[in-house]
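First chain A sits with chain B, and in the next complex the same chain sits with chain C.
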Partner chain A sequence: MGVEHFIVALILFMLIAALIAAETRDLLSAVICIGAAGFALSVIDLLLGAPDLAITQVVVEVIALVLLVRVVLRREDTSTTDARDALRTGAVLLAGGVLLVVTFVAVGGTGADGTIPAFGAATFANPDEALPSPVSSDYLAKGPAETGAANIVMAILLDYRAYDTLGEATVIFVSILGVYVILRQVGRRKQEPVL
Partner chain B sequence: MGITIYLLTFAVLLVGLYIVVAKKNIIKIIVGVLIIDYAVNLLLVLVGYRSDGVAPILSPGQTAADLAETGVDPLPQAMVLTSIVIGLGITALMVSMAIRLHQKYGTFDMNRIRKLRG
Partner chain C sequence: MSQPGMTIIVKNTTRIIAGFIALFGVYIALTGHLSPGGGFAGGVILAAAAVLVVLAFGSGFAGRIVNEPKCHIWDGTGAMGFLVVALCGYITGGFFVNFIPIGTAHHLLSGGMIPLANLAILLKVGAGLAGAFVALSAFKYGRPRSIRRVGREL
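The block that comes next holds the complex of A and B.
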């Protein structure tokens, strides 16, 4: 009974929550289902050795949930008129998904010569001597000495790839600006008398 | 077991895609985008995992060489951390647009919003 079984169970929980969110008629139920999926994702992150991600996911999840509940509450529009061709769209997407899975398995699936490294295999282990060593192993081996940070993820985020974080802050700033511009009440102010 | 985890993550992503494409309610579409966001983040973290790996945080009595032997890949985690926060920004933008549309048209239903135009 490894951690893999628990992760599979949690992803199944996410899948069921997503399906209920897709098919429920009540918008509040859909929003709460997406919250459940997000908290399950947080637990999965914790199991995968990513405590920073788990904490961030919980914080972001709570904020997103509050925003969505705020929109859904007090707005009496739960009329989810189903699209006429929902069934056809679903069938096409299901076929596309089957095609994706078959392609994924056909090109090797997971594994050393597959498209994605096998689950649990270290992506950066066993470097070929002729090649430069993968960047992740350098981060792990030299990060504490080079940056002085005990948390390697934070060392990458705030030191090695600080420009990425600057870009992230820019994106957040622009999105806040966008929210402000969209929600601003314009044209309600009384006009200045023209002399 | 490993390929099951990846395929289940693909399934979650496809459910999100189905919601975005087939549903006509704006709140449902926002929920679908969030589900796609979760699935992609989860896939990236899964690729970086190594069996019995420890979190890439230096604990007392542990050297950096130990961490390189047993730690999980920190690079996807750093990238996904950025992605999660940007996902929140996208959600806030979509929600504010939904609020505005509801103010103007009194409904979240895309069919009715289209009919009301002009």
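The block that comes next holds the complex of A and C.
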């Protein structure tokens, strides 16, 4: 129970950080708030027993933070305009409302008669022993023997669900290509070559 | 400010530590099938080493080590390697079928193709992120007026 309360506190912290990041007028503060939210998320990953995800989250967060801080500091002024964007405020309020609804459903809908499984329970777990073995417990039981990988996450990512990983790799490839294309067009306008 | 990059303290620290950061990234990726980590996390750590070098020494000098053509080549190599690993599955059955003996669990040489796939993802993610950062740091040479104005409004 203690862990759950800690996680709820961390989620509240992330929510406050995200709201500040969306509403503050100082760009550097917004970047720092985004970083705080990301690191809180990595702590949540660690508490929920997902060290793989936590490691990835931390390193990606560090890189993204360095990149964003550099981009922000590269500009002369780090403050946005004074004009309040009504659309942005509306979007923030809408996101808050969606979060409230999700929280309400998650709190009210869990348990034996709820549609959402209890906190920490596997989504694909089969409570009925008589039925055939569900897929997730099958992975857990047979993973090391079938794939030879001691880390079950890698056994699933790169063996059972390798198609998914191929798709993710393609997404990264295409997005990096997009970055190159967008920045290359900009880089051609100057006299000296890019590096 | 005659020299590009940061102060001599940062440069010397980077000179000592950047290799170890890169080595740690490779370690994280190569032991992905034994302990938490994997190709993606290792690749990001590898890119972090490249980012550190570029930030400390300035993109002009660091361009000898980390530059866009190199990142393109290694990015493509990683993507191709992952596909080749997947296609090699046809040796024993089909797409993405483990074609190497899986060995003993908890040993470094286990998991069949999983370490190979991790290595390919390491190259792909590391070179991709490093290349994106290098491309971003080309911003400082100037942007067209229209893009600069849009960027200020964001």
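Following the convention adopted for this analysis, the second predicted complex is superposed on the first by the 139 of 195 C-alpha atoms of A that agree within 3 Å, B and C clash if a C-alpha of one lies under 4 Å from a C-alpha of the other, contacts with A are read in each partner's own complex, and residues count from 1 in each chain.
Rule of thumb we're sticking to: contacts are C-beta pairs under 8 Å (C-beta built on N, C-alpha and C of every residue); 3 or more make two chains touch, one makes a residue touch a chain.
Predicted model, so just to flag it, every value in this text is computed and none were measured.
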Requested in this report: Classify the contacts of A:V71 with the two partner chains as first (chain B alone), second (chain C alone), both, or neither.
Outcome: both
Query raised in the report: Can A:G49 be said to touch chain B (first), chain C (second), both, or neither?
Result: first
Report summary line: Between chain B and chain C, more residues of chain A are touched by B
Query - Partner chain(s) touched by A:D159 [first = chain B, second = chain C, both, neither] - result: second
Report task. Using the touch definition from the top, say if A:L41 reaches chain B (first), chain C (second), both or neither. Result -> first
Requested in this report: Determine, under the contact definition given at the top, whether A:G148 touches first (chain B), second (chain C), both, or neither.
Outcome: second
Report task. State which residues of chain A lie in both footprints, the one left by chain B and the one left by chain C. Result -> 51-52, 56, 60, 63, 67, 71, 75, 81, 144-145, 150-151, 153, 155, 157, 165, 172, 176, 179, 183
Report summary line: Per the touch rule, the chain C residues reaching chain A in their complex are 28, 32-38, 40-41, 44-45, 47-48, 51, 55, 59-60, 63, 67-68, 72, 75, 79, 82-83, 86, 95-96, 98, 102-106, 110-114, 117-118, 121, 124-125, 128-129, 131-144, 147, 151-153
Requested in this report: Write out the stretch or stretches of chain A touching chain B in their complex.
Outcome: 4-5, 7-8, 11-12, 14-15, 18-19, 21-22, 27, 30-31, 33-34, 37-38, 41, 44-45, 48-53, 56-57, 60, 63-64, 67-68, 71-72, 75, 77, 79-83, 85-86, 89-90, 93-94, 96-97, 100-101, 104-105, 109-110, 116-125, 135-137, 139-145, 150-153, 155-157, 161, 164-165, 168, 171-172, 174-176, 178-179, 182-183
**Report entry** Complex interface listing, chain B residues touching chain A
**Finding:** 1-12, 14-19, 21-25, 27-28, 30-32, 34-35, 38, 41-42, 45-51, 53-59, 64-65, 67-68, 71-75, 77-82, 84-93, 95-100, 102, 106-109, 111-112
Query - List of chain A residues in touch with chain C within their complex - result: 51-52, 54-56, 59-60, 62-63, 66-67, 70-71, 74-75, 81, 144-151, 153-155, 157-159, 162-163, 165-166, 169-170, 172-173, 176, 179-180, 183-184, 186-187, 189-190, 192, 194-195
